[in-house]
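You will see chain A twice below: alongside chain B first, and alongside chain C after that.
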Partner chain A sequence: MRRRLAVWHLLGPSLLVVAVAAVGTTTSPTIQFQVRSVLVTAAIVVSLYVFVGNSGVISFGHVSFVAVGAFAAGIASAPAEVKPSTFPKMLPFLANLEIGNVESLLLAALVGAIYAFWVGIPLMRLSGLSAGIATFAVLIITHNVIRNWEAIGPGAKTLALVPPTTGFLQATVGLLIVMAIAYGYQRSRWGRRLRATREDPLAAQASGIEVHRERLIAFTLSGALAGFAGGLFVHLLGSITTEQVFLDLTFVTLAMLVVGGIGSMWGALIGALFIAGLNAFLVELEKGVVLGARELDLPSGTRLLTLGVIMFVVLVTRPEGLTGGRELSWPIRRRRRV
Partner chain B sequence: MTDRRRTERPADLLRAVSVTRAFEGVVALRGVDLELRRHEVLGLIGPNGAGKSTLVNVLTGFDAPTEGRVRLGDVDITDWPAYRRGRSGLTRTFQHAHAFGGLSVRENIEVSALGVGATPAEARRRADELMEMLGLADLEEVPASTLPHGEERKLGVARALATDPVFVLLDEPAAGLNEAEVEPFAEVVRSVRDDHDAGVLLIDHNFSFITAVCDRVQVLDEGVTIAIGSPEEIRRHPRVASAYLGRGDG
Partner chain C sequence: MRKRSRLTLLIGVFALVVAACGGAETAETTTTTSATTTTTKATTTTTGGETTAPAEAEPILIGATIDLTSFMSPFDAPASLAAQILIDEINAAGGAAGRPLAFEAIDTQVDAEQYKAGAIEHIQNGASILWVTCDVDFSTPAIQEGLNAGILTVAPCIGTDQMGPKRFGEAGRIAFSFGNMAQDEGAAMAEFAIDQGWMRAAIARDNLIVYFQNVVDAFKVRYEELGGEIVLEENWTNGDGTIGNVATSLANADIDVVAFSTGFDDLPGLVTGVRSLGSEVPMICSWACDGAFWVPEGLNEFYYVTYASVFGDDPSAEINDLIAKMEAAGSKPTTGGFVGGADAVKVLAAAIDATGGTDAQALADFLENMTDFPGVAGPISLSAENHTVFGRPYRVIKITDGKHAVVDVRSATSPADIG
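So, the complex of A and B:
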């Protein structure tokens, strides 16, 4: 039973992802884009979960890794003919670089991992509020470096002409890869040791667990997955500015994780699908849709207002999130005979 | 339980050498010496505020002495962090259980084995063994946060033993257990000494429990050692009677 449940904890959510993607392919092109964007957002939230969910330490800095992944993949795969003229100050080696889609995604993961490891060495000594503030500082620093150091980033311009390779296949497979790695980590000895530190750091040390080391492992893995998700993101959008991987994305993805339930991968996925799905739906409603004989056209601002109210209601009524921070349970309940 | 990967070689003696610990103005320990050997149960008793828990904290790396050293065999471990001592076979339980509340009983025990470098398969085997030994088998899947007090105490001991320790420091493990639970618990403490060949430091206020399981007893009062000896010698010691037993909480 236990082994079957372990398989189900990954298989169940994966089936849901495939179903969402399959239904998405049958919709109109605008909705299709929204569904792909929901899948990529879910990949970002699951990557965030790998660290926050297992360590219990909040990070406001994860979108930094999404950002470096997105710009690494974007700059490296945008056509070399246009880059030197669009970005005259860019390092020649970057401006002349042009690598393929898969290579760019792997590069995004690698850059995310290295960056997370490097900032994680000092950061992982912190917990609680100081960890939150320090990770937030990393986000601000990263944003300003990418935005103002034109040798390596796009500056205030838009990075355009990135090959739009994140179709349904890439979005789905990408998310499934992120989920499989997240799940594998959470069941590994490293993931289990980290969860012990989340529950009680003192007792964990008495059992030989080095809190800093376990957190740094998770932070680095989480940074790699966030970088990879950033790569998916830039290939979804085709063009990107530094603002698109900054504050809004940080708070939206954190809200998704909290609404879904911080303590489980299932929670991360459900939160992302629920909020991102609702968001996409409201975007379309604000643009106006025809429902039968009537046209429904919500005033602008309705979207953010509704999202805010729903998050509020969820958190007040279910502080542990929609899933209660638990993994997906087995669908058929075995009745206990008395 | 012999295949653990120790980061240091096992030692036969744990020593506190003239340990002093002063908190702003208050001196909790004044030049205390303690020796714990493998294969013995040493009782550490004394009134509240005598410095027992502070001494355990200093020995296990959860607090640093103001003066004095801690030695494990020939090695000075005074500057070692707690996790490194844990991996070297020196572990403890806490006065307040500090269970991994969100994890199940089994997960609590397994992760303690994983913490000192056991493989997942070995961790599972140790958990099976310890749950059997401590009577926790029926509670395997129960979240630790929902355990009754007595079971929570047992889980603390199970977790300490899962690290395959050479020295186990038990900080009031029997507190809150009823009379019927204390005797089986005493059996567990003896088996840690006899079957696991470990040294046990036992803090407790229940003098009959201490007498029943300890080979030697050390008495602290106001941060100094006032007596060391066999349980019988301690019982008859005049200063112990006035400092501790006479207060009627024995």
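So, the complex of A and C:
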């Protein structure tokens, strides 16, 4: 039963993802784009969960890894013939670099992992509020470096002409890969050790667990997945600016994780699908939609307000998140023996 | 009970996503017969109900993905309204190539994903021309959709030279902007400064957006070409908290003029900072400083160049008439930026008439060879090298004791070469 349940914890969420994607493919091109966006956002949130959910340490800096992944994949795959003239200050080897889609996604993951490992060495010695503030500092520093160092990026300009290759297949498979790695990690000995440090750091240390090392492993893996998701993100839009991978995305993805339930991958997925799906639905409502004989029409600009109110209500009524921080339970109830 | 609630949750989330995936059908777009009914609703269409264009002719749809409710709306909304007024007039006169023009807008709220989604929707609805927000960086996701679909993609007031091949490579040949090119605007500012005998200048470069940077760079290039001396250069990024230092440095410099381009909170911060330190040095700015909404009380010796004066003293009767119509429509413009929207429609109608249709490459041929086209504020030009308007006669407006008055109308001799 345990093994079956373990399979179900990954299979159930995966079936939901496939179902959402399958329904999405039957819709109009505009809605198809919105659904692909939901899937990519979910990949970012699951990558965030790998560290935050398993370690219990809040990170405000994970969008830094999304950013470096997105810019690495975008710069590496944008046409080499345009970059030297559009970005004259860019390092020649970057300006002349042009690689394919899959290679750019792997590069994004690699860059995200290396960067997370590097900043994680000092940061993972911190806990609680100090860790949160330090990761936020990483976000600010990363943003400023990418925005102002024109040798390695487009600076204040938008990086354009990135091949928009994140179609349904890539968005779905990409999310499933991120989920599989996230779930595999949380079931592994490293994942269990990290969760032990989350529950009681002193007891974990007394049992021989090195908190710093376990957190660093999770931070690096999480950075790799965030970088990969950043690659999917830039290939979804076909362009990227530093503002798109900064504060808004940080707080929205954290809110998704909290709303879904911070302690499980299922929670991360549900939070992402719920908030991002709701957001897409409200966008359509603002345009005006016909439901049966009635037309529903939200005033322009009320989307964010509505989202905020709904998130507030969810957090007040379900402080542990929609899933209570638990994995998806087995759908068939077993009869208890008396 | 707990399991049942989790199952309900699963079903709920799935239902929500399915609903978002198109369980609802988008309402038909609102069609208005007059620009006076224009609102900031997500979707409005103007087809000129009283048009003399053949009723059976299929409208040429201009699909706009613009901001109507967020921080770009002060730029996008007036340009969009002016465009719709011009469309009404053109439709009343027979349309373009015998077909009425239709303008349909989707409110993006400056969300990158909604720019892309909006562009996809317009293209799906058969738009022949895509119309985007007045900033190339915000608009890029939409612009790329337009270019990939092979339809002419225009912006009413992007102020850099990036709306074209310089940013989008060969595909950018069908992208144009009807804003003033920063290289042209900065050159006009420099030429005005030299004419005033201001030979020693300080420049303050806000690195927030490319437009601000390019205006100041163009000022510097043209100013030095004409024999002026830049004695001080200050750099900052809007919102970085250093505006007080910049103001102090400018106020203490031995200079004849300060040239800059900025906006948002740092615009009043910079101007008030310089004046509060006792400096009455003339300051000259670009279109970014247009409007009365930011001006501190009693401001003097402040100049800016813009498309048109919205203070009732513009020398063009056509401009004043357009402002009156916009006011009658319930939205008096607060800056001259609406001119780009009107000019865009005027040029597009002429291009469609000349080419007989909406083929993007043919329209691009027309636009790349457009010299001194009679825009609403004066002659405007585009070229194969410059896909953003240059040569427009700028209104130089001086603020004295907080009041705005046109003191000069001038075009730059040529855009400055800033590399």
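By our rule, the second predicted complex is superposed on the first by the 331 of 338 C-alpha atoms of A that agree within 3 Å, B and C clash if a C-alpha of one lies under 4 Å from a C-alpha of the other, contacts with A are read in each partner's own complex, and residues count from 1 in each chain.
The definition used in the following text is that a contact is a pair of C-beta atoms (placed from the backbone, for glycine too) under 8 Å apart; a residue touches a chain by one contact, two chains touch by 3 or more.
Everything numeric here is computed off the predicted structure, so don't read it as measured data.
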Which superposed partner A:225 touches (first chain B, second chain C, both, neither): neither
Partner chain in contact with A:189 - chain B first, chain C second, else both or neither: first
Partner chain in contact with A:37 - chain B first, chain C second, else both or neither: second
Partner chain in contact with A:263 - chain B first, chain C second, else both or neither: first
Which superposed partner A:210 touches (first chain B, second chain C, both, neither): first
Chain B versus chain C as contact partner of A:20, first or second or both or neither: second
Which superposed partner A:199 touches (first chain B, second chain C, both, neither): first
Dominant toucher of chain A (residue count), chain B or chain C: C
Chain B and chain C contact sites that coincide on chain A, given as residue numbers: none
List of chain C residues in touch with chain A within their complex: 2-3, 6-7, 9-10, 13-14, 16-22, 24-27, 40-43, 68-70, 106-107, 109, 112-114, 116-118, 120-121, 123-124, 136-137, 140-141, 143-144, 148, 162, 166-169, 171, 207-210, 213, 237, 419
Chain B to chain A touching residues, read off their complex: 60-62, 81-84, 86-87, 91-94, 98-103, 107-108, 110-112, 114-117, 119-120, 123, 159-160, 162-163
Residue ranges of chain A in contact with chain C within the complex: 16, 19-20, 23-24, 26-31, 33-35, 37-38, 79, 81-82, 85-86, 88, 148, 156-158, 160-161, 164, 237-239, 241, 244, 270, 273-274, 277-278, 280-281, 283-291, 295-297, 300-301, 303, 322-323, 326, 328-329, 331, 333
Touch list for chain A against partner chain B, complex: 189, 192-193, 195-196, 198-200, 202-211, 263
